[in-house]
Each structure stands twice: as C-alpha cells, then as structure tokens.
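As written, the chain order gives the labels A, B, C, D and E, with residue 1 at the start of each chain.
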Amino acid sequence: MANELLRIENLNAWYGESHVLHGVNLNVAEGEVVSLLGRNGAGRTTTLRAIVGLTGRRTGSIRIRGQEAIAMAPHKIARLGIGYCPEERGIFASLSAEENLMLPPSVGSGGMSVAEIYGMFPNLKERASSPGTRLSGGEQQMLAVARILRTGARLLLLDEISEGLAPVIVQKLAETIRTLKAKGYTIVLVEQNFRFAAPLADRFYVMEHGKIVREFAQRELQANTAMLQEFLGV
Amino acid sequence: MPGEIILETKGLTKEFKGFVAVNNVDLQVRRGDIHALIGPNGAGKTTFFNLLTKFLAPTRGTITYLGTDITHERPAQTARRGIVRSFQISAVFPHMTVLENVRAALQRNLGTSFHFWKPERSLYHLHDRAMQLLAEVDLQNFVDELTVNLPYGRKRALELATTMALEPDLMLLDEPTQGMGHEDVHRVTQLIKKVSAGRTILMVEHNMNVVSSIADRITVLQRGAVIADGPYAEVSRNPQVIEAYMGSADTELQGAH
Amino acid sequence: QYSGDVIRIGIITDMSSVYADIDGQGGVEAIRMAIADMGGAINGKKIEVLSADHQNKPDVAATKAREWFDTQGLDMLIGGTNSGTNLAMAKVAAEKKKPFIAVGAATSALTNDQCTPYTLHWAYDTTALAKGTGAAVVKQGGKSWFFLTADYAFGHQLQADTTKVVEANGGKVVGSVRAPLNASDFSSFLLQAQGSKAQILGLANAGGDTINTIKAANEFGITKTMKLAGLLVFINDIHSLGLKTTQNMYLTDSWYWNQNQETRAWSRKFFDKVKRMPSSLQAADYSATTQYLNAVKTAGTDDAEKVLDVLKKAKFNDVFMKNGWVRGDGRVIHDMYLMQVKTPEKSTEPWDYYNVVQVFKGEEAWTTKAESKCSLWK
Amino acid sequence: MTEIFGIPIQAFLGQLMLGLVNGAFYAMLSLGLAVIFGLLDIVNFAHGALYMVGAFAAWIMLEKWGINYWIALIVAPLIVGALGVVIERLFLKRLYGLDPLYGLLLTFGLSLILEGIFRDQYGVSGQSYPVPDALAGATNLGFMVLPNYRAWVVLASIVICLGTWFLIERTRLGAYLRAGTENAKLVQAFGVNVPLMVMLTYGAGAALAAMAGVLAAPVIQVTPLMGSNLIIVVFAVVVIGGMGSILGSVVTGLGLGVIEGFTRVFYPEASNVVVFVIMAIVLMLRPAGLFGKEA
Amino acid sequence: MNTTTQTATVAPADTAPPSSTPRAATGISPLTRYAYVALLALAIVAPMAGLYPVFGMKLLCFALFACAFNLLLGFTGLLSFGHAAFFGMAAYIAGWLVKAQGWSPELGLLAGIVTGAVLGLVFGLVAIRRQGIYFAMITLALAQMIFFVCLQAPFTGGEDGLQGVPRGTLFGVLPLTSDLTLYYVVLAIFVACFLGIIRVVTSPFGQVLKMIRENEPRAISLGYAVDKYKLLAFVLSASLAGLAGSLKTIVMGFASLTDVHWSMSGEVILMSLLGGVGTFFGPVFGAGIVIALQNMLADRVGAWVTVIIGAIFVVCVLAFRKGAVGELHAWLERRRSRG
C-alpha cells in the first residue's frame, strides 16, 4: 500500500452532552478516494468535522502524515494540507462570490488557478461579484467545492457535494474528482448519492450509530449489494 | 373540480440589480396535479417560489390564485388563502413536542390565537386531529418526543404533517428530498403521493427518480425562462432540456440519484 | 429621656455618583468630627452615626430613612446632596415626626410649598444663589446678561429667580438658551451666547454641565469678551477645572474654607482626614450636627419636638455661620458670600481659590415672606 | 448680511463646523462598535467605558508622569487595547456561540465595573486635560473662530475612519474578518487563526474607543461618566446607520452630529432627543436602517 | 393549568438520546404549585414575623416589574432595554393624576396601566420589526427619549421628582395610610398579576409566542402575522410594567427620574437574569436579591455599589445564565432523568 495519509483510531466525538462518534477507526492512503456511507445521522459528517476539529470534545487519535492532530486547533490542522467542504456549504453572505473563492489561505502548492475554476464552473464567473449567499443553492455548492480546490490542499474532505446539483453538473463533478485523483489528490467522500460515489471510490466504509461497521474495496462492490441494501436501502 | 387552473402567473419577472433571475414566466398549475419545476442550478426556481409566497416582490407580472390577483399580498395573507410552502431547510419548532408542532398549525384556524386570557386547555380538542395527521406520516409513536431529538427524515415528515394541518389547497415543496437517505427519499416520495390526494402540489426537485415517479406535469426553467412544459414523457425527450439539464451522457431523464 | 439610650444621627447622601465629591464620605467625616468635638456622648449617652448611599435614587433614600426611623430608632436625619432624595426624605421624616436637616439640597421647595415642621434647610438654596450672584454681579458692573440654562425645572427656576434680581437691580437680560442636561458639548450654545454681545454669561446649570460649559467657553475665547457667573458652583468644581480656566468667574456659596482663622483651622483638621479641603456642604454637615447635639444637650432629651423647640429658638455660632437662626418655614438664616475666582498668579497654595467680593447679610439672601407659599410661615 | 433659514451665514457655517466635530466622535465610536459587532457579534456596551478609560489614561499619563498628548495618543489606545484583549480572553471568549444578548449584558456589567472603579479613584467632578500647545489657539475662518484643536479632531477622525474602512473592505485581512463574522469556525477550518484574529479585533475596537477618548479629553471634562452619557446616542447612530457597512456608520455619525448641531440653534430644547426622533422615523421607513441590508 | 406534555415516556430505540437542553416550562408542576402556595403563605404572615412592610411592598412592586419584563424576554425572546420608560412614565402619570387631579388610587393605577400600554404600543410599532440586539438598542434609545421628556416636562418636577403623592382611599372605602393595609393590597395585586402572567404564557396566544421564539420564519410560514403577536406581547408587558410603576408611586409617595433612567432598565434585566429568564418565579427571586442588596450595600460600600452590581452581571452571564430558579429547574430535571 502507498503512504498512509490519514489514520484515525478509536475516535470519539461529542456535541455538547451528546456523544456522537463511538470509536471510529479508518485509514486513507495517499492518492486514494474513500467513501463513507451510512444512513442519515450515522455520523459521517461528524467524522469529517472531527478531523478538522469542528466538533465539541473529541478523543482518540487522528494522524495526518503521521502527525497527531487530536489536540490541535482547527487552523493548525488545516495547515497540514486539508481542504474541507462542509455539508451546509458555508458560503459567506458578506463576501462576493469571488471573495468567497479567494478566501481560504493556501495550505500547499499546486492549487487550481482561478481561470481553471471558472472554466469548470462558468456560473461562478458570471456571478463573481454577486454576494455569496445570493447565488442559487447549486451555485453555492459549486463555489464551496471550487474554493478548496484553489488552496493546494492535498487531502480533500467532501461532504455531500452532489447535493442539489443538476444532473449535468453532477456529471461534471464526477469528472473533476477523477481528474483530481489522477493528479494524486487524496479524497474522503461523504455521499448520500450512492450512484455518484460508487464508481469513484477505491474503498468504502459503512457507518452506523457512530461506528464503522463494514469496510470493502471497489471490486467487492457487487458482493456487498445485499449488505448495502440492508444498511442503506439502496 | 379537477383540471381547473388554480394558480397562474403572467409575465412574472424578478430582477436583481439588473440580473434577471426570473424572466417573463407564464405558468399554469392545474388543480389536483403534482407539478414539478426543474432546471439547472441558478435557473430561478427558488426565486420563483419566493415570488409565489411573497418572500420577494416581483419586478413585473401578476400572480393569480383562483381568479384573484394576489400579486401584492403579504406573506401571511397568502398563507391564509391556502398556499403553503415547506422550506428547503427543515423548519420545525425544535423545543416543542411533535404533537405541539402540529397543533401549532391547527391552532391558526381556531381564531383564538390572540386570546391571551384563555387556558391552554382550550387547545386540547385539537389533539385528535393532530394525532390523525401524525399517523398519516407514521409519526404516531413519536407524539411526545421533543422535535430536536428526531432524525432528519422524521423531521421532514413532521414538517409535511404540519403543512397539511393548514389544510392547504396548494402546497409548495422546495427540494423535499434533499439531504435524505434512500429509504427516506422513498418514504417521502410516497408520502407526497399520498397527501396529494385532493390537493395540488408544486415542487422543485433535482431527484429525477422522484419526479418521474410522481409528477403529472413538468415545467423546465433555464436562465429564468420556461423552456419546456408538459407531461413527463414529452418533456424528458425535449433535446433542449437534455442539453441544459441532463448533460449529454444519457439521452433520457434518468434518475440523477 | 433618651430613646434607645443612644443618640442616633443618620446621613443619607450620594456616595458613589455625580455629587459624591461635594458631600459623600467627606460629609460623613465632618459629622464624625462634630460628634468627637462633642466628646462622643451627651450626659453619658453615646452618640452614633449611620450613613448610607442613596445613589441619587429617591426611593432608596426614602426606604432607608423609613427603615432607620422604624427599626433603628434614628433620632435625626441629615439629607445630603440631591433635591429629589431630600424631598422624599423630608416627607418620611414628617410622617415619622423626627427632625430632618437638609444640607445639600438646592431646591427651595423644601422650605416653600413643601415645607414641614420637621424640616430644617441648612446650607443654601436656589433662591439664595440667584439673589446673591444676580444682585452682586450687577452691582459690580455686569449689566447685561445672557443665560445658558439647564433645560429642566431646576435650571428654569434658577434663571427666573436670577432674572428677577438682575432686573430689580437695574440690569438687563438680553437672551437665553436652554441646553439639555448632559449635553457633553456646549460650544454651539456658547456661540449663540457670544452672538448676544452680553457682558455676563449666567450659568443656570450644575455639576458636569457647568464644568463642560466653562471649559468650552475658554476654548472658544468667550471668557475674553464675557464674564462668567456660575449660579451653582462648588469649590470641587473649581478644583477640577483649575484656575486657568475659571479665573475671574463669579459664584455664590454659603461658606469658604479660607475665610478666617477659625475656618482655616477647622479645614486643616478636615484635610488631614479626607485629603481634600471641605466644601461648604461638608462644613454645613458639621454645623448641623453640632447645633443639633447642642440642642439635645440643652433639652436634656432626644425627643423630637423638644429638641426642635430648642433649635428653633437658638442662635447658631460655629465654624459655618455666625448668628444663624431658624425661620418659621424651616430655613436656616445665615450669611451668603459672592466670590470671584482668583487668577493662578494670585493663588498662594492648593485650594486657595476665592476672593470674597461681597457678603449678603442674613435675611437679604433668602426668600421673602411675600414670596413664600409655606403654610407654616404665615 | 446673507441668511440661511433665518440665521446669518456665518453662524450657519459655524454651527455646521461644530456639528462636524461632534459627528467625528460619533463616527469613531460607532465605527469601533460596528467592527466589534461585526466580528464578535457582540454589542459592546463597554465601548463608552473604554472611551472613558482612554481619556483617563491620557490624563493620568500627563498628571503622573508628564507624558505629553502626542505620546498619549498612541500609548493610551495601546493600553486600552491590551485591556480589551484581556477582557476578550477572560470573559467574551466564553460567550461565543451563545445568544448575542449575553454579550450585551456582559459588557453592560463590565462598563458598570469600570465606571465604578474610576469613580472610586477619581471622583466624579472630573479632571481637566489641557489642549496640547501645538494645537492651542484658534483660527479665524472668517465665519467663525475655530479652535485649532477642534479642526484637528475632525481631521484625525476622518483619517482613522477611512483607514479602518479600507482595512476591512479592501484587504484580505478584512475578508477574513467579514467571513469570520458569519462563521468563525469554518474560517478557522480553512487555516486562519481565528481566535487570535478575534482577540486582536476586540483589542483594536477598544483601542479605537480609547483614541476617541484621548481626542475628546482636551475638549470635555474627563469624568467617569463621560462614556455612559454618550454611548446611548452612539447606539442610536448605529441603529440609524444600520451597522450594514463601516462607511455607513461613519457617514451616519457625521451626519447626525451636524443635524444635532443645527437643532441646538433652531430648537435647543429638542437637541438631546433629535437623534432618537430621527431614529424612530428612519426605522418606520427603513427597518434595516439607512445602510443596513434587508434581513 | 396542568401541562399536557409529559416527558417522553416512549423513546423508541432508533431516536437520538434526549437533548441536554431543558424543556421550556409551559405549565406548573404540582411540586411548584405547592411551593407557590407555601411562598404565598409566607408572604401573608411575613409582616407579622418582622418583615418591614414598606420594604416588602417595594420588593413586590419591583418583582411585578421584573415579571412583566420577563414576559417579554423569557417568553417572547425579545430583550427590551427600555422598560424603565413604561415603569417611570406610568409612575409619573399616576402620581400626577392622584396628586394634582385628586384621582383615587385605583384610577391612578388604571391610568398607569393605560400609560404603559400606549407607550408600549408606540415603542412596539417602531421597534418590533427588528430583532435581537437591534431591538434592544432601539428600545434603549426610545426610552432615553422618554427620559428627556420626563426631565423637561413641567409636571414631573424635573430633578426634584414628583413628591408627596397621597395614598388615598381604595374604592372610596379602604384607607391606605396604614402600611399593613397597603401591603396586603399590593400583595393581592401582585398575586393576581403573577397568575395572570402564567395564564398568558400558557394560553393559545402564549403558544404562538413560543413558536416565534423557537423558529420565527416557520411561524410566519404557518400564517401567523408574527409582528402583531410580538406587539401584543410587548403591550401586555408594558402595561404590567406601567402597573408596577404606578403602584410604586402609590406605595412610596413619589415618582422620580430614577424610575425612567436607563439604569432602571438595566436593573430589571439583572433581576430577571439573576432569578432565571423564562421561569415564572425567577424574576421575583431576582428582584428580591437586587432590592435587598441595594438596601444593604447602601450603608456599606459607597462607590463600590456599581462595581458590585456590575460584577454580579458578569458572573451571572458567565456562570449562571439560567439564573437561580432556572438552575434549580435544571437540577431537578437532571435528578429526575437520572432517577
């Protein structure tokens, strides 16, 4: 196996009093695309948020390129080369679309150029000077993804990025992920839209009640349909 | 009577600082239909909804509901006419129980909502109806649960029950299955089908499985303007729609999800 | 003979807010000095003092007063600064039939339409201030006046009283402007005053407003063309403004520490304790306590009616006043003084601020019987 | 003589000038409030107290150590800024994510504490701060004699306001600030050191208030109550302006200063309430304020 | 007035664990009801047992004021920083009518209520369209305007205050000169208002207020004209504040600028916060503490009184946001859910 980029061991996380993650274990190798599957509320979003330090209390171990990040402040974690695209998109109303795009500081070299991004999402170019939250739902989703492609982060945590997008854009996103993978990016994909994630991911984890309950590789996909039926109703 | 035009817009237009988000839209919704509104991102679907529910004022054009011009009414007025909208994000009263959430909607038609001297007891007779509505969406076991504690899909179901409590003639649903797991998508789709009996539904939805399985009629918006309108089978073969919305890969409006 | 076997004096004043400097803790200290000078006891009965901060809230003052009378066996109450609190306390004292000595209140209502048989008004009031400054300044040559008036009852009253006196003495009021309370910037009003070309700028305001007006008047060079006459200015105000800004200003007060040997001696004792020279009110606190205790001694009891009887017949001679006496309406009659603020060069030591320009003898300073609405004095 | 609205043009221009001076203070204070509100979502009730502390700091420096005005103009804001940093670390930090009303209440409490301490130490009749020699005297502008110091106040405040505006609206740091206002956590997850930024912003807001305090010291008496008298008017300014934009608070501040100035001439009795009356009218017509974004 | 909604007994396995947020109380539990009866009994015998009646009355007036304020903050979610205006203006109007116009005390109180209501309506119309801190700042500014009006208007007596208001004879039969008689009258008014507030909160109208507090856009989309509901809540709260103010005038015999000053608005916030915002009894408790504290501090600490009040504010906000009664509720809740 290639270099291990992310290793999570026995991760527990809380929102206030409520205990959401109960000992998550997972690892991601450099250049891999990994998808987290699960029902609503299984804890996939929380796992991503815990990695970047956005939950309340968390315990266990999160190693990024071998470096322990469990006690780090979020901004330090990001600077290890992580790009996070949140489920709720997190577009800023007081910034224009373009300012939103330019907001995250670079955390690594080799990020996409603005021209490339606009090539990929022409809507954004057209609405560049519009206030961020005046964009349509889908446009905001594009912006949220585009924003972290610019920063040069090599580990991307993408939460429900195909949500609310027209089929034509969803296709385009899938292509983008393939391109990124080809360029050697590492991606953790959280998707409700199984048909979107299925062909893209090298490996899958299935979550239930804040724990990883299954793990399998792309080639085992066929063999696991029954199980997925049970867990996800797919 | 079914088939009658319940809602009609004529030349409806919304401009934002020179940017035309909704462009001269003529739309007719027939009583009893499930009418889907689709279109690429930024086509103006949400904006159009906002115009119908008065969260935005149109730049031009008129909205007629059952023959009455409602273009310049206030949001609450429109709601009282029976045009009720569910939100793209889940909208519930988190620290009220499931029952209280539905009762909140039932209470409105009682006309005692300004009666600050009446005891809460005067609302208890609404509980039967509330239970009935909750049963319709399979929430009868959660009646006394605080709403925050419900899982996402159930919250959407509750929202639907609450919306139905308002006895809407016309329900506006903005991406009702967004963010749901497959199970929930299926359940909510069936739910919509179920509650559509005797009502009219206008919905925005990107999930073509949902649209294809329940929509009677589809309108496609692009750049604020209507590019196609008609029954599913017809619209799904329209090359302009395929080009604008579907992308070239599939030749039919296949499920995006 | 003595209720509760002690003689209990209370003072309720502002200890934490706008008027804390001119009375406050210093006032309490002055009362303690008076008790100490009495030997701490009369006929073997201990003298005690209670003090409270009314925070300029009449309801706090009234509740406290009531509680002291009802539960602490208070024999006499001294009211510190702030007219509102004093009027409220006067009502309580009258209801409880105990002597109340208003020291720091400016309102002449205490001995006018709201007089009671139990209220004595000790140091000064608005009428005296108006009469003093108004008459004297005209006599000094300040014939034409412009008023800068605080826009509430106190200011209006002060302006009206002063106007009467100015006109009666042959002066003339050429204009006035009403400035709202706490209007931190007065330059605009001063510009209007300057436009009037009057000789005297009468300041019918108090506290922070007066101070800020004087400051701005200096800055805009108005003091070059007009003389200021402060109608209610205390030595602490002058102290904080400094002589450079206040020089040559006229003001009226009931007392000044640097008047003679006796006042100086007492004031230095006070200074040792408080690190500030006494204001006229603090001296009046001392005086009121002393005279009350003298009366208790004479009467041989702390019974309110008997002590008041003695007080109302007595002549007061102490560091604060000479030959003072209580008039039928409760007004304590004594001399008042018109002062002019020294120039910095003339001042020889810290707190050496005034020249006494004129003395108003006894009755001439106060309300006349004709003007009075007090039913007790008819 | 030419007249405008029945008053001589000289007097008119004179009053306009004075209005601008007061407006300059409103502008500087509402600016600091807007910056703090923007990033921390806290209505800083302690702003008036910090302004007062700034003025006192200058006075104490002069009185105790003979430090002159120009140095105080730099040092006092630094000291108060540091105090702001301490306040943020000790108290405000614990309120993030809660209802913004708690921030209002906490800073209200803080302002009572600060005011009380200064009352106890320095009494209430206040202290006098002399006009610095370089700015002493007055210039005859023809229509009025304008004290040089007041002209300086207007100039200084305009420079400060424009500088702040530029920093926030036109720089990258400003973009972080604005984004942090909406979702600090997310901005931090992008790699920006938000806690530091928030702390420094409160410090900077406090420093702005203190600078206004130093500028005010020679004009009005330095008293513990000088801030609380002003802060409510500044709140009204902020409501009228709408906190929508930095520039909005500056323009509103100056404008209201002028309007208030003219009220003092035409109808002085109302000059204390005119700002509130304007506020009521503006809110009836535009609930979000003049520059506020419609919610 | 029992509540319908007991804590969930059926929590199906697939739901999340109950959240830590306590339920907003919609009604009165039996335990609480016994506590209220006991407290009332205590209040009835207190003057016999040495409570100083004037202090007791003052406390009740402020408790009523705090309850009125809390009706708005605790049960509608609107922080008014201008309640002193209703309290103070009503105190003046009632005082003036009773003193100068010779009105009877009950008419004076009625006038106080009307004053509060009218002012509340005016404030409400201006402020209600803004939320949160804007609302707070607007009410503060409007109240400041009322302060200046009271300062300058001739009938208020400016800085001297409106003094010497007679207590009069209630309904022409019951002379109020005795402290003890008046105490029981005040107590009766207070109890009536307290029960009234509970009724308002649990009424159909109260339910709508709760919806607004929970999720305002949702309430709008259900067809409630929320501004009107908020306005009514504001007017109710202002009327009660007016009643408290005029009652205070009758009790103390005067009205003064303190009553309309913004620090009074701050005080009433402190009372609610200290006792527990959104609880019925909290404001009463908080008023008791603040009034007692003011009374005690008055003799002892001088300038430090503001510092102490400020420190209490800070500590409350940092450590006891739920207030004393709120913390008690939370503690009971925790015990119940554990037991």
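Methods note: a contact is a pair of C-beta atoms (placed from the backbone, for glycine too) under 8 Å apart; a residue touches a chain by one contact, two chains touch by 3 or more.
Please read these numbers as outputs of a predicted model, since none were measured by experiment.
**Student:** Which is the least count of steps on a path of touching chains running from chain C to chain E?
**Tutor:** So the least number of steps between the two chains is 1.
**Student:** What's the chain with its C-alpha centre farthest out from chain D?
**Tutor:** Result for the farthest chain: B.
**Student:** Most remote chain relative to chain A, going by C-alpha centroids?
**Tutor:** Ranked by distance of C-alpha centres from chain A, the top chain is C.
**Student:** Distance between chain A and chain B based on Cα centroids, please, to the nearest Å.
**Tutor:** Taking the average C-alpha coordinate of chain A and of chain B, the gap between them is 30 Å.
**Student:** Using the average of all C-alpha atoms in each chain as its centre, how far is it in Å between chain B and chain E?
**Tutor:** 42
**Student:** How many angstrom lie between the CA centroids of chain A and chain E, rounded to a whole number?
**Tutor:** Computed from C-alpha means, the inter-chain centre distance equals 50 Å.
**Student:** Identify all positions of chain B at which a residue touches two or more other chains, and write them in rising order.
**Tutor:** 151
**Student:** In chain D, what residues contact two or more other chains?
**Tutor:** 116, 119-120, 269, 272-273
**Student:** Where in chain C do residues touch two or more of the other chains?
**Tutor:** Chain C, residues with two or more chain partners: 16, 20, 151, 180-181.
**Student:** Looking at the complex, which residues from chain B come into contact with chain A?
**Tutor:** 16, 19, 39-47, 88, 151-153, 175, 178-184, 186, 206, 208, 244-247, 249-250, 254-257
**Student:** For chain E, which residues are in contact with chain C within the complex?
**Tutor:** Its residues touching chain C are 52, 54-55, 58, 148, 151-152, 154, 156-161, 163-164, 248, 252-254, 256-259, 294-295, 297-299, 301-306.
**Student:** Looking at the complex, which residues from chain D come into contact with chain A?
**Tutor:** Of all residues in chain D, those touching chain A are 172, 175-176, 178-179, 181-183, 185-195.
**Student:** Enumerate the contact residues on chain B facing chain E in the complex.
**Tutor:** Interface residues on chain B, with respect to chain E: 53, 74-76, 79-80, 84-85, 87, 91-97, 99-100, 103-105, 107-108, 110, 112-120, 122-124, 127, 141-142, 144-146, 148-151, 162, 166.
**Student:** Touching residues of chain E toward chain D in the complex: what are they?
**Tutor:** Chain E residues touching chain D: 79, 125-127, 129-134, 136-138, 140-142, 144-145, 148-149, 152, 262, 266, 269, 273, 302-314, 316-318, 321.
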